[in-house]
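Order of writing sets the chain letters: A, B, C and D. Residues in each chain are counted from 1.
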């Protein structure tokens, strides 16, 4: 009489075991590329686009004949905005699906969650989002901006061109804004800005009621000195923030806001009329007029079958990362991690803004810094840009803990965390 | 301002222009003005930031009455260059492309396609300059309200020439309010006067003026003032200002609290029906709100020309959509689960996952844009420190209307009577001839429909995306439980008081800590009153 | 009666037998069988199974209070996370000077935020016994204080559920704050070793897997002992007719308090075993949705059976792992649909279905 | 204001805090022959006066019936005695020494007051025997309950009660599967297991057949003497068959008291039962 039950329990367990045992061995004819972006949960808003971007890039590459004579095959998984699940999925991609490289992650915490997995299993991760720095792993390539490629140039612009004297550093309470604001605070003070001219404010994720904070900013800004807000507010909490700014009558002429997390995609969710003139600092804007960009946008519209879709900075980062990876694989003649890691350093590929992206020894890349003003059509007009590409700096010079640390993945140092004073390499997992 | 002028390589020219402006102010030399206008327009046509800047200065200094229209259009980014002949036009989008207007004569000048025109780009620096320029020109505008706005605008950026202009105009000004504004500006400048008596006089004139520039000015005066008498007066005036400020600040906090409370009440009130009256732990409530917000988006997409009207139409549409989905959920799932309230939680949780993913799949995983009609944006300026934002006022009003309507439905209609009967004693109600199945479906539909209506309101405040519901569901449950399950008044009072408490705590505790404190407060409050603010009393509540 | 707590518990017997079998087989198949053999169990699977087992223990804890005491806790994720944080703090301290900044005293995130010294509540976590004690003490104490307040004033039903939800929500917001000293949004991560064993090595993973299996078995037997004792009959009496139980002389609030606290301690242990296996603990674990999900596992497996809770936890999580890989765009439909269908068609959960089959066979 | 007062009382230096005062006098003292004193009790629900200055005395060992129309306050009165409802005013003493208003429900149960509810509430998921076991007088604290095992004497006692209530054949059956009348008896059995001094029995024969009713009457009568029994009942025939003293409640206070014949001939009682529109 208990046969059924026993059978059911047994089969549940057998099922649980089976997916581990049946390791697929048919990876010979294709090269697998893992895509690790959340397709559900809170981060799906931003990350789904990157999944589509990767599918498009892989598709294009296959049309060009693939890589090393093989077709590329995308393996898409959904880590569902759940950080432990990121680690699990990363392990699944490397260990079970045997992917050659993974393109993925958005938030810092998701990267931190998968980092030990990539280092343990010697996988490859291309991380496409601007981040707080203070990290350089052998197995990760950071194709987004480090703080010195976004925050500091933006502040320079505000200081020199808009003569801003008083600063509001507003951010979401997590590690990227915290670090960026720490760096900026140190930087501003080094430029002679007084303590009382800096206001720092943190809000939780998805904060939607900005009335009090905007009112405080308004008061802070009415002291007679030109005031600006440097916003590290996370993605879509910006929309109600900007709406409140507009409603309380703070225009970009009164108090300009420069944001590091607001791009075309975030703006496509709002009516940008009240935001015209606010700023964003990125390494790419959709409005940049270059043939490469035009081609990229056309391909994107064709792939996604919707001409209203926008492109943004992390998409460009994936574009660069993917091109660098394919080049490195071709150069190394193999998808083996160690060979690719060795081959990729020093490679360069055109970016979409008319320059070149070079993979540096610290696994970051060179990027131009552009500052754009929001237009009423949801696009940015570039008002300032750096003369040349800025090399990404993994360890900030403005933080006391990291100013002596450098990352260099070429011999003799071969370390992401090398203390140039004590000549020691610390914090590595092997 | 003057120091900056000297930095530029063109400073000599500018200095000359400055003199010219001063001359113009007195002489009204129309001919010279129009020459400057021409010259300025030529510079604007170059479409290079620094040259446009020069051009704007020239156009503004022409004091030509035609300049205002041109500059205002440039400020709004409506000024275009026709590629064919290099002429400037004000262009507005129309069906056929763009309708053109001559910027100087304001006469219609035909139409043009998108590719025929090139917009004159402006940046922040230019916008700032344009604002001052337009304000200066508007000081002589025939409309008093425009002049007032211009004066207030200029208080922030007083310099030698604008002051000279204000002194000149103040005497002739007929409108009392505008004149008061001008006097204040002059007084503000007089704070820097050499004679202490004039400083005191200026202080007296500024007493009670809440404009932020005034406080800053007096503060700076105090920082350097040596004269005791002036110091005393300044301190007294400042103290008075501070008191007023605190008072208005409190009013503002209260307003913020009420508007946050209204959002909470709107989000929770549908739940007060489905959860409070029917006992269904409806985890899909947030997604019903989300559907309402998406309905707003779709209605707006259907009639992009009439954003405001679409918003009004969205209210019944959202009610119907969310209500229908609600009825579907009730008939399909919940009706099998009456008497098992905790299991409704599981089923509706599943439904909420499905609805979220459905929206992601059918519409887009990204947020969708919902436009605010013009009358929703901006604020009602009561004085320089207190302004109430329009959208929040509409939300408060809307919340009260929805509440009243719902209250009347529950109290005055036969549906309401039947709902209350069924919720109190299902068997008895059925014996009395109430078709309880129909009532259940309608009640759940009503609660869901109200959630949809709340979604319309929220679409005006926050992001419309698949996660919209998630961010409100927990707060909604807190409000309903805090107010007392099954009591509409409780929901209203609870939502409003939580909103106000949150906003009072926020300035000193920060947004996160304030929210944590409110949650702890709710937990402790429930210990004290295990059935909420307004518990249902007597035998009916037992068991 | 005295045949032992497993008497008349066929589900439990089978579950424990299978658990013992798995615990024996998996290490052998992982360590002794060569990787290219079809019988080889990958380390990925081992960690995954270990993770599922900690979830199973958590589900048992929830089933104890929900199935047998009628307290629908929507905040058990908080106890799980607190246990996890206590373990995470120990693992952080174990990193020592191997962190990126090489600071022997402070964890990386504190160096990062310019903290000069270790906050007081981090002291002691460098010792395993202390951390292990805290794993049980912190969730237990929180549950005790919370329960003492809530049960004393007779907060019941949905009111109780909602304030447990408020509790975990408040904790989530608090732990998100970087000022709290728990690493903010990033939480605690980058662990190196546990009691001197390298966390990345297969042997340690197997060890953790076995520890989790033992914890689940121990937790199961402990709960089973409770529910088959007279205490268990009292809790069921409380679940079914609380005021009646009071009228025959039981101090309901004390029974609730102790069982609730015990359940929280179990959840804490589950969290402590979870963290070294997934390698990260962050405030997301406090999210109210997570706690609701735990309840869903129990409901799917079958309330008030204990082994049903295990079954539900394993099944839903395996489903999640499988479906997020196979149909990343549509897995939520499947999961959501499953929740709805199980509630409608299987009010007793899968365990109920098995029992019914057994009865008709 | 109220919190201020509480604070003030709490902070008074001449008093020991209430929680620290040991609860004295939990031994029942019926030396005056009266087991229950309800004096001047009033309760109001939402403005409705459920109990209005009620005075009621029950003698030790008596079997008292309480009748009255719906809404007369019968169940509310029981709620007050068992601690479920707290009165607005008045006092309730159990014997000479025990102030019921200061005790919680379990404490009241443990000093020796048992209650059977109007709607039979047995523990449906437990077997008949387990129901009795739970009700049995024993150490009812948490830890002793966890380690409790049934002794042979306790087994014998359960068997005895099972026989009294005639459910020996159903001892292993789930209580939820019993018939309505059986549940009523099981509940009385649970009362017996508690071995209380005072039994409060709310409508014991509702829904019973005549035969069952007779058996119940026998049972209750046999209990009187050793226990004090208070029965609330609607069924006049049943009341007549068991009671020697009857109390009539009306609008929350005592309308009449005496033997069945006396109250039936009382003009006010007739008025209430026949003249009023809320007749039964």
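In the analysis below, contacts are C-beta pairs under 8 Å (C-beta built on N, C-alpha and C of every residue); 3 or more make two chains touch, one makes a residue touch a chain.
Nothing here was measured: the structure is a model prediction, and the numbers come from that model.
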Greatest Cα-centre separation from chain A belongs to chain D
May I ask which two chains are joined by the most contacting C-beta pairs? A-C
If you average the CA atoms of chain A and of chain D, how far apart do the two points sit, in angstrom? 71
Using the average of all C-alpha atoms in each chain as its centre, how far is it in Å between chain A and chain B? 31
Can you give the whole-Å distance between the Cα centres of chain B and chain D? 63
Averaging only over C-alpha atoms, locate the centres of chain B and chain C and give their separation in whole Å. 45
What residues in chain B touch two or more of the other chains? 356-357, 470, 512, 515
Would you give the residues of chain C that are in contact with at least 2 other chains, written as numbers and ranges? 173, 176-177, 329, 332
At least two partner chains per residue is the criterion; list those residues in chain A. 39-40, 173, 202, 204
Which part of chain B faces chain A closely enough to touch in the complex? 4, 49, 77, 121, 123-125, 127-128, 131, 212-213, 215-217, 220, 252-253, 256, 259-260, 263, 356-357, 360, 365-372, 377-379, 381, 387, 389-392, 461-467, 470-471, 503, 506-507, 510-512, 515
Mind pulling up the chain C residues that touch chain D in the complex? 226, 229-231, 233-234, 236-237, 240-241, 243-252, 254-255, 258
Chain D contacts chain C in the complex at 82, 84, 104-106, 109-110, 114-115, 117, 121-126, 130, 133-135, 137, 140-142, 145-148, 190, 194
Complex contacts: residues of chain C adjacent to chain B: 72, 146, 149-150, 152-159, 161-163, 165-167, 169-170, 173-174, 176-177, 288-289, 292, 295-296, 299, 329-330, 332-333, 335-340, 342-344, 347
Mind listing the chain A positions that touch chain B in their complex? 39-42, 44-45, 48-49, 161-163, 173, 201-204, 206-209, 211-213, 215-216, 219, 222-224, 236, 239-240, 243-244, 246-249, 251-253, 256, 265-266, 268-271, 274, 276-277, 279, 373, 375-376, 381, 383
